[in-house]
Every structure is written in structure tokens, then in C-alpha cells.
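First the structure, in the form of C-alpha cells, and then the observations on it.
A, B, C and D are the chain letters, set down in written order, and residue numbers restart from 1 in every chain.
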């Protein structure tokens, strides 16, 4: 089975994630889509490391997960505080500042 | 290492500015006296410079040179040639009069108005401008010149926007909006000019690798520094644009009327008689010297523009209702003459242009300051609000008339000499332009005499019937200027002797020689 | 791909792979970063163990000491020649210790120190129930306007966590420009981004806006970093490694031993180009270049002003450092591909920032847009791709960051009942109410506008000069034009402050503690010194102008 | 001896300075200081004159070099004075008549509180006028040239509270400026042609230059002369100049300043001699003006304006003569001198009449004054006879010579010019007789003025009559004295040169013809104004009369074309400057503002739209990078 397909999959996932960010309103969902993009990256890393036959990619994948986890912590904190203030998690409601 | 005379001449007013600003708010009069004394001291230094300068000597004298910003190829290089010397003298000379004339212009308003006019600031800014103008006359390093050429906009800007006339026809609000409009217009015009020049300055660096006027000119002369024709032209345009805004040359002139109209008379004098001279001076020193070929290439266009300025400015002066605006447009016309003289590329033209800078400075100062005294008495700038002043304030009217006659360059007063030199200088090379420019003298007579007739003659308007004549302080301002106008009109030789060698140099920079008379040519 | 080839792939992978060598770390050369990180951890412990009353003092003390020590370390390293002769790559190729990184680290540390001063300011807000308060939320967790918030305020809580957060952010920023492989780059990016996201949310006043800013910054930031990460992945796929050196070699083709089986990944330019573009995009987001700038105004406006000031200054420094290294060390081989693109970005950034700023009505947004325009100017220097280009950018960054922090520090002083009065209309006649503050702010604005005798002019001149020498004359012309446009709105503010009548219910200018005074003082001093006598610092920058490869 | 020359100018200049700067404390004695200093100057003049007479003819040119004025490369202007027969003549005329008129003014201006300033201006005028005639180069001459212009401006507008006076003064200065333009262009031409503009080299090398250039110079000098001497087409200011006090009209606008143009032409004779075309134009201008002025003079009821017209016409004679070249130069100057006497006399007479008539100037309000002011009547009468060329009086000799010279030009021009001159003589006789009759003969026509003051005509005080008498004597005998033995001819010949033209008709015939014209003119006038009473209000009159009253519509032309046109031009330019030149800039600013406002909308506050822009940007970035590699 040709690893290149995994790359295509990774690209696909990344695009799906990006699209989600662009079209979804709920902050949590948007955030999840970002996580999806990150995981697409992970997949790409793993595939490439497989193809190159060195482990860097796989190690990077672990780093990415850690980073993603950290992001979740920070992100959720922020989003929740916003939610508690506004009783809505819609990113569109948060548009006090414009122009 | 001799005493850095030039630096001192520039630093003294700068220090004075700081000191004046530092005077506590309560001690207003002290600040005024301090400023006056500093300006006088500077005048003394300027005279020393004039004396120490040897017309027969090297091109640049009293030179100073210190390392400054090596990475930009910038050195702190000062030096004066004849042209710079007389202009520094002019600047230093006018300052005391400007300060004296503006003695009460920045006092807090006794009326209930909310306007805020920090007296100390007013005089500090004036001195700051003097310092920057002087150093930009002295700088022989393009970058150094550019820095102060730009920096002087800031104090000027606050002077224009911060201190208008006491009273104003359309009341406080309108006045303040118009003032800040004028100030912003002044700043933006000159800033845009300056930034375009900045591009050219950078370009010059990429070509030449340093900013030393002498070195670049040297390298150009002996061919070690070659400039592609197009490069030279672009750089020239970059420099010239900035100077043409400052000068100001049609069609970049519209900031001047607003600025002069809204600022107090002394500041208006500062603009047109001192600061704007930096522009014309820089054309002579930088455009011609750095880009001789491009200068020659651009000459026809510039001459036409100058010609338009002369006629156009004069015609608009005729059409003005506001005394200060009228003087402003007159100045535009005169700057046309100066630029005409510079780019006619003849000894008479350029010597004439240099003298013109000095004479125009003095004559405009005389006219504008008297106009300022007039306006301060009646609280209106509109010509229509005056009439018959001559009857109630003959001395004021007389001095005003003399100022006007100087503006229309009556023979026997200083401006005549310079104007005629410019005309002759132009005529010898471009007869047609010379002749058209001569129409300017008729129009000058028109706007001056119309102004005089409408304000000073005729039956006495009730509003001016109680107008007091000039006070001692005002006479102290006007009399020396008038004396000077007459003296330089009768005996300009001292100036021409200083200027001529420098002009000779500039002429050789552009590889031009005066045309021969037809009779000799025929032989 | 032929089955054999594929099979060979699997088999090669099946072989035992080389051991991971035990890492060898030059702690001395990494000391600046380590000090800061250590201090940050200490800060966390302080939060845990030191009683509430004295936390503030402890935190400020720890942070200040740490930053000074780190800066001392940087100076020591530089003096030791690590900036020039001894410059090399430390930590197993992860961190470059060379001129640019030391210079930038120094700048960031100083900026951080000044930023710390503004963080530590506690005299501006009126005392709440007898407790001195700074500009951060009493208790970020409590809902704005809720009883719990009231209670927290009454109890005199303060979010002293901001100090460790600040330190973490600084630590990340220290690593960012000196990162020598893409992974470090990414981690550093996140390390300084996450604390900033949080800091943005911690404003004491206008908390809704603050939280909104945080959300926007966080979501968009994460979005951008996702792109960066994917770009990294592609580059890794392209070169088979994330270390700058290796990628660079592959880019300019000095690595020829390409496994035929990898022909369609290894050295596949599509991967290179797309990957490079995406990584660069992530960095452009951080520097706030058009069209990745849209977070800037909102975040700058919503975040607590001290944070905005610090962010505006330090983030730009770090991000541009990273960008420089990426473009100069990794991608010089494909200069002819990215230069034109960067041209475009620079142009629209300069013009866009300047033009939109004209009609701004909020001082913080105004400064945000001006920072965008400045990013454009700096990009012009980046494009020069010459040693002069590097040093000019370094100089510009140093000059710019202090002006920025100073300017925002002044913004914190102008207050009315609702906290800071950031709407321009309220600044009318400030010059009359308190001439000194107005004059100082005018100095900063003139520096932004690039008026001679201010650091802004020297920086602009250096950058444009480098660009022109790099053959980007049109760029210089456009830069000049847009600085003319920019001048317009800086002048507008000056007019407002000095020439228009003050409003009767206008804001008051609070008398700050020595902290803010110091911040502003340093700002003015640096602005004028770099303006009048920049030679020494230009030397520094040009010595630091060489990247180690 | 040369060093006296500067003193000629210095004396009145000192007077001007003292009187104008001195301030109120000099009000009481001002008039005497002025008179004294002008007389001093006259005395110096006489001394120099005697000295010149003592020398033999070829060494009667004194040069005094004071200092170098404007030295710039090739352009060398010196302050150098040249006193030769020509300038000597003028010096005597100016200082002589000038001093008389100073004296006269002492009486005439007695009740004016600004008298001191008046005498200051008069002295200023004398100084400038002397500088004009004594200058040794054209640039210095130019200084005097505009100096007298200034003095005339100040004096015409002396009663500034009268708007009409102020306007007249301004007009005079402006029209003169147009002439001055000619002079300055002429100087520039000389500089480009000869490399100098000093009399000596220019005039001696005139022939070296191409005729084209010389013609150009000549025409420009003529333009200058037209402005100063009120010749067509620049004559319009002279009539209005009568707004000034009468002594001013006598001194400046009759005897001296207005003749400066003639001086300029004669002085530049060498140039004109070598440029026949220019000469022809000069003669034409002269002929036209002499008729124009005469016709205008016929129609005016304002005694001063009538005399002004006459002045214009008489100067026309001089210009005509000057245009004839060596044939006419001497006679031009001779007529200038005699005219100086009798026209000054006439004006002083007119002034004296006004003095006695509450400043009434309308001749229709005079009549029969001879009984009331005999001295004035006699002196005025002698001046009258002189100007119409009554045999034996000054005018007879000088004018007759000019007419002869005109014919002597030969060819058709000769005939045409001669005829014009003759006709002019007739008209002169007519209008002067008219003035005489309307003023001194017939029955009294004056009525109370608006304040109901009945004027009480009375003779003027001695201080006024004495100058009139002196001038009358001059106007009677000067001509004869000059002509007998061609004294004047021999005196001037070394400077101007002289040649007898070949007249187609003998001198006797010309004289006869002149006499006939004279009789016709006087006759018609007598029939019209002597026989039947003069209507107190001017009759509508023929078309020509009405045109003549309005200066042959020439003023209206100026008003419509120049004034109105100019106003429109400036107004439209002001508009252009505000809307176009300024508009462009403001427009750009506004444009950026609008653009900014529009771009601003993109920042709509929605995080997702920001993400979109980022995504799009990323896509663009990628695409662009790929594209760069592709191309």
C-alpha cells in the first residue's frame, strides 16, 4: 500500500479542519477543527518519517500532541470564561471590536 | 582644532531655545528678554562669521568635520560659501526683529477666550527654528542637511498651529480649525516633499556611497563617480521636488497662503523670509552642484514653472481680500524670480537670486511686520475693513508704503538691484522669458498700490478713526529694516563681493559661462 | 510507484535504526533562556507558596532579577565573542547562538524588562477597598460583574500569575529567533503564544473586550500555527529532516544522495514551496503582515494595555528574528521564489496599514494599524537579502520596540471613570491639560512617523537604504509614500492634543509610579539617543548581522 | 569742478530727507527749507553753467565717478554723473523752474496742514529728476526715471483723502510702470548687445550693432518715453494727474518730468540715428499725440485738464522733432525749454485763478476775471501768446522750427508730418484762445458753491505772482534769445549733432502757413466763445466733442479691456487656485480617506472572516510561490 495516499488523507483532513474553522460558529467546534488540523499534521509527519526511514517525524508527532494538549488547556480556559460571561460560545457573538 | 564657529552659531540659539522653554511660566517677560538676547548674540556670531569669511579664499571656509554615522556614510560636516554666509547673516539679522515684533503675540488672551498660548513655547520654538535653519545653511553633508531640513518642520508646525492672531473675524472656533488646517497643510506638503527627497537621498547613497558634498562633487568632476543619465535625473527630481515645495514653486504653492494667513505676522515672516529660503538655497547648493547635467536637462521646465509662479502669484495677489494672503502670493511671485535667476545659469542671474533671497527677506519682513501691527490694531485681516489709515497713523502708513515700494522693487531700494540682476541674467540667455518676467514688475506695482490705496488712503473709516500710530517698540523693529533696504539699494557691493566668487564656483559646477555680448560675438 | 520500490520502503524501515545519541547541551550558551524559564517556574512556585499579600512583591522581584540576569548573560556571551567569532549551533543543532539571536535576545529581554515595569504599575487605578490594584483582573475566573468578582475585588485579589506568564512568554520569544530546527521553532512559537493568549484575557476593566480579544487571538493564532505545523511537515517530507542546515543543503542541491525510492518526496519542489509558504505564513501572522493582520487591531484594543505594549514590541522582534533566520539560513536557495512574494506582502502591508489607520478613532487601534505599517517597512529590509538588510532590520526592531512600549505606557496614563480613555476624541487638548505627557507622546508619534532626530528616522533610513542597495528601489518609493500617508494620522493625533479645545469632561492624566515613569523614560531616551547618535548601535547591529549556518 | 555735480542732487535730497523724517517740529519752517535747498541746487547749477561756458566747446563734458554700484561679472553699474550741454540745459530748467514753483507753493499751500510733507516730496522730485538727467548710464537713469515716477505718485495723490486723487496717483504710477518695462528691456538689450549700458560705450559703438537690435532698443526706449511723457498710447494718466495740487501740475506734469521722454530720445540719438524704422515710429507717435492732445484740449471745460491736453500736444511736437533725428534734436530741446517756461506759467496762472475762485476749475464758472486778477491775466496772457506761437514770443521760434524740420524730413512723410504739425498749430491756437476767452473775458458766470459761498475773485499774494511774472518774462524772451544767432543750436550741437534737412518749401512759406493756421484757430475760437456768451452748462456737443471730452474714448477702452478684463482674469484665477490646484491635493487626501473608510469595513469583528482572509492569504501565498517557480 502506497504511503503517499496517507499524505493525501492528511491533506484532506487538514482541509476539512480548515473548512470547519471557517464555517462553524461554536467556538468549541472551531477549536476542535483546529485540533483536527494539528492531527492531520501529525499524520503527515508519521508518514514522512516512515518514508524517510528516520524517527524525527514520529518524535515530532509526540511533541505536537503535547503542544496540542497545552493548547486545549489554554483554549478551553479562555473559551469557557467567555461562555460564562456571554452564555454563548458563538464566535460571531464576540464582535464588540470591529472596524 | 580652532573654535567651532559655525557649530556655535547653530548651537547658541538651540541652547537658548531650551533655556527659554525652561523659564517658569510666571516669568513671561524674562523669557522674552532671554530669547531676544540670545538672538542678538547669534547675530553677533553671524557677523563674526561674515567677517572671518574671506571671499577670495577657499570655496568652503570655517569648515568642521567629525565622524557621525559611519554606517550611513554620514559625517558632521559644516562649511560656508559666500551664499551661505549672507543667508546666515540674513537669518540671524531678522530673528531679533521677529522676536521683538512678536513681543506680545503669545501673551495669554485677556479676553474670556479659552485659547492657550504658552509664551515661553513661542519664543523657544522661534529660536529652535533659527538653530535648524542656520545649521542647514552650514551643512555640507547632504544627510546632515536633510535631517534639519525635515526637523525644522516640527517647530514651524507648532508655531503656525499654536499661535494665531489675537482676534479673528469668524470667531474662536473657526479660527482654531482654520489654524490647524493651515498647520497640517504646511506640514504635510513639506513632509511629502521631504520624504520624496528621502528616497532620493537614499538613492544618492546607493550611487555615491557617502554624503559629503565636496567628495561627491569632486568624484563627479574627475569622473571617478559616474551616474547614469536617468539615475541622475531621478535623483535630481527627488531633491528638487522637496525644494520646490519649500520654495514654493507653482503648482506646489498652496500651503503658503494658508500658513501665512493663519499665523501671526512674525511667524509669517519666519516662514517666507527665513525658512523658505532654505529651499531656494538648497537648489543652488545641492541640485546644481550634485546633478549639474540633470539641472541643465530640467532647466526649460523649471524656468517655465518659475515664470508661471511670477505671473500667477502676482495676479492672485491682485485678487486677494486678505492682507496676509496678498503678501503670501506676492512672495510666491518673488520666489518665482529667485528660481528663475538660479536656473538661468548666468552669473547675473545667480548672484541676483542670492541677493534676492536676502532682499526679499528684508522687504517682506518690513511689509509683513507693519501689516501685522496694522492688523493687531484693528483685529481684522480683511483689506475692506481699512481705509484712510494714512490720515490717523501717518508713520504706520509711511513705513507700510516703503515696505510696499520695496516689494514692487522700486529703484533705490534693495530689491530692485536683485530683481534687475535676475531679469538681465535671464534675458541674456532666454530673451523671451526675460521679457515675460518683466510683466511681473507691472503687476507688482498693481497689487502693492491697490493694497496701499484701499487700506491707507481715502476717507477715514470709523473703525480706524481711533487707531494709534506706531509705538516705540514697533518703530524699533521697522526703522532698521527700512534703513537696511535703502542702504543695500544704494550700495549692495558688500554683499555682491561675498556672493560673486561662490556663484562663479556654481557656474563652473554646471560648466556654464555667461553669453557674450552680440557686438563682441560679432567681432 | 513500483511494488518493489514500495517493498524496499517497508524493508528499509524494518531494519534497526540508529540509536538516539545522548544529548550534549551547552548550558552556558543557553543560560539566558534557562534563567528566564527557571525564574518562571520559581514564579509558579511563588504563586503556590508565598502568601497572597507579598506575592506581588516577590513576583516582581523574581522577574526583574531574572530578566536582568538573563540580559547580563546575553551581554557576557556577546562579549565572549559568541555573536561573531565563536558563533555556532548549540544543543544538538536545536539552537543557534550567533549575532542575530544574541542581539534579538538582548532586545527582547530589555523590552521584557520595560514591559515588566508597566505590568507592575499599581498606582493608576484608584485603590479598590484600600488595595492597590494593577491593570489585571482581580480574579480572571470570576464572571465580569458577578458577585464573585465583587468579592475578589473586595478581598484585594490580584492576578499575580501574569508575571510567570510574562516570563514564559519571554522565554519562548528568546528561543524563537534562535531556533535552528523547525520543531524548536514550532515549540517556541507555542511557548510564547499560549501565555500571551491568557494575558490578553486578564484585563481589569472592559473585561468583555479583553476576553473577546483573547478568544480571537487564540483561535486565529492556533489556526495559523496549524498552518505552520503543516508547512513544517511538508518541509520535513521534502528534506527528510527538520534541521535548518540539512534543509538548506537539500534546497541548494548540495545533498545529492537521494534515495530513488524517495524521488517523489525527497527534493520534491512542490513540497518545498508549499511547505515554505505555509511556515512563512505562520510567521507573517505573528508579525501582523497583511493579509494575516486582522487579529492585530482587535487584540491590541482588547488586551490590557501593558500586555498590548509588550506584545506589540516583543512579538514583532521575535517573529521577525525567526523570519530572518528562516529566509536567510533555510531558504536562501529559493530566494528567487520568495522574494517577489515578499515584495507583494511588503507593499500591501505598508499601504494597507497606513491607509486604514487614517480613519481610526481609538488610539490603541490606531497604534495597531501603525504597527502593521511598520511591519511592512521592516519587511522591506528583510527583502534586501544582504548583511545590511539583516543589521538594518535588527536596528529597526530595537528602535521600534522601545517606542512602542513607551507609547502604550503613555496610553495607560490617560484615564477617565471607565479606566483608560482610548477614544481619540477624549485626547483633545491633552497638550494643554498636561503638556509634558502630551509632549512625550508627540515624541513617540514623531518617531513612528520617522521624523529626523528620532530613532524612527534612523531605523527607516537604514531599512530603506538596505532595500535600495538590494535593488528594491520601487519598494523604497512605495515605503516613502506610505510613510507620507502614515504621517497624516500621527499628525492628526498631535493636532488633537495640542490645537483643539479640551473637552470639559475630558480624561485626567494619572500620576504613575516610578515603574511606568521608568518605562516611558527609557522609551524617550532610546528614541532620542538612537535618533541623534545611532552609530554605536548600528555597529552592534552590523556586527550581529551574520547568521551561523 | 566735477565734484559740484553730486551736490546738485544732494541738496534737494537732503531737503527731502530732513523734511520727511524731521517730523512735526519742522511744520512751521518746512516750506522755506525746501525752497532754500532747491534754490541752492539752482545756484550750483548756475556755477557749473558758467564754468561750462568758460570751456571751449569740445571739452564741455564733466564726469564725476562716485562709486561702483552693482558689480557682478560682466555687469558693471557705476554711480557716475555726466554733465554736458544737454544735461546742463535740463539742470537749469529743472532747478530754475523748480525753485520758482517752490516759491509759488509757499503761498499756494499756505493753509495745508501737511505742507511740510508736500515740500519734502517736491525736493524728492527735484533730486530724482536731476539724477535722471545727470546719470551717465541707463541703469542709473532708470533709478531717476522711477524716482520721478514715485515723486509724481506721491504728489498727485497728495490729497489722499480724496479717492479720486488716490486713484489718479495709482493710475499714473501703473501706466508709467508699463513704460518703465520698456526702459528695463531696453537696458537688457543694450547689455546683451554691447555688454554695457553706460552712455559712452553704447552711444559710441551704436553703429557696430545690427540694425534689428538697434530698432528693438529704440522702440523699447520709445515705449519708456511714451509712458513718462504721456504719449499715445500711454497718455491716459496725464489728465487724471491734474488731481494733484496745481504747482505739481506745473512743475512735474508740464515743465519737467513729462519731458523726460524727450530727453531720453535725444540722449539716445546715436541709437535712433542708426535705426530709421524706430525713428519713423517716434515721429508717428509724436504726430498722433500732438493732434490727440490738441483735440482733447479743445473739449475740456476743466481748465487744468485743458492745459494738460495742451501739454500732451506740445510734447507731441517735441517727440516729433526728436524723431526727425539730427534735423530736430536741437529744436525738440529748445521747444522743451520754452514750453517749460510758458506752460509752467500758464499752470501757475490757472492755479492763481483757482486760488481766487475757491478751487473752482470749471471754466464755464469763470469769465471776466481780468478785472479781478490783473497780474494773473497779464502773465497768463503772455503765456498764451507764447504757446500759440505769436510772432516774436518763445513759442513762435521753437514751434516754427519744428514745423520746418518736419517738412524738411522730405518725402511723403515730410509732407504728412509737416501738415499734422500745421494743423496742430491751428488747433492749439483754437483751444488756447478758448481757455483765454472763457476765463478772462465775457461776463462773470460764477455762482455760490454748495455751501453757498460766493467766490470773491482776488489777486494772489506776491509770493505767487512773482514766479508767474518771472516765467512770463521767460516765455516772452527765451525763444528769441535762443534763436538769434542760433545760440542754442551751437550750444547743443556738440552733443546732439545737427543737420539742415532739405526742405521742399522755404522757411518763409512755412512761417506764413503757420501764421495762417494761427489766425484761423484764433478766429474760430473768437467766433465761438468771444462773440456769443458761454453756456454755464456744457452743450451736448458734436460726437467728436463728446468723444474728446472722454479723452477720445481711449480711457474707456482701457477700462473695458484692461481693468474689467484684468478683474475677471484675477477672479477666475483665484477660483482656479482654490478649486483646481488646491482641490487636487485635498482631493487626494479625501480619496485616501474614502479608501480607508471602505477598507475599514473589512474589519467586521467576526473572527471567522478574519480566518477566511488568513486562509485566502495562505492560498495566495502558496499559489504565488508556485507561480514564481513556474515562470
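Going forward, a contact is a pair of C-beta atoms (placed from the backbone, for glycine too) under 8 Å apart; a residue touches a chain by one contact, two chains touch by 3 or more.
Because the structure is predicted, anything quoted here is derived from the model rather than measured.
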Centre-most chain, if every chain is reduced to its averaged C-alpha atoms | B
By the contact definition above, name the pair with the higher C-beta contact count: B-D or A-D.
-> B-D
Based on the averaged CA atom positions, which chain is farthest from chain A?
-> D
If you average the Cα atoms of chain B and of chain D to get two centres, how far apart are those centres in Å?
-> 37
Taking each chain's centre as the mean position of its Cα atoms, how many Å separate chain A from chain D?
-> 97
Report, in whole Å, the distance between the mean C-alpha point of chain A and the mean C-alpha point of chain C.
-> 24
Chain A and chain B have mean C-alpha positions lying a whole-number Å distance apart equal to 65
Multi-chain contact residues (two or more partners), chain C | 215-216, 219, 223, 227, 297-298, 488
For chain A, residue numbers touching 2 or more other chains are 18, 21, 30, 91, 94-98
Multi-partner residues in chain B (2 or more other chains touched) are 188
Interchain contacts, given as pairs of chains that touch = A-C, A-D, B-C, B-D, C-D
So, in the complex, the side of chain D touching chain C is made of residues 589, 592-593, 595-597, 599-600, 602-603, 605, 607, 609-611, 613-614, 616-618, 620-622, 624-626, 628-629
Which part of chain C faces chain B closely enough to touch in the complex?
-> 432, 435, 446, 449, 451-453, 457-458, 461-462, 464-465, 468-469, 473, 476-477, 480-481, 483-484, 487-488, 491-492, 495, 498-501, 533-535, 538-539, 542
Across the complex, what residues on chain D touch chain A?
-> 600-601, 603-608, 611-612, 615
In the complex, chain B residues that touch chain C | 67-72, 114, 116, 118, 146-148, 150-151, 153-154, 157-158, 161-162, 176, 179-180, 183-184, 187-188, 191-192, 195-196, 198-199, 202-203, 205-206
Given the complex with chain D, which residues does chain A contribute to the contact?
-> 18, 21-23, 25, 30, 91-92, 94-99
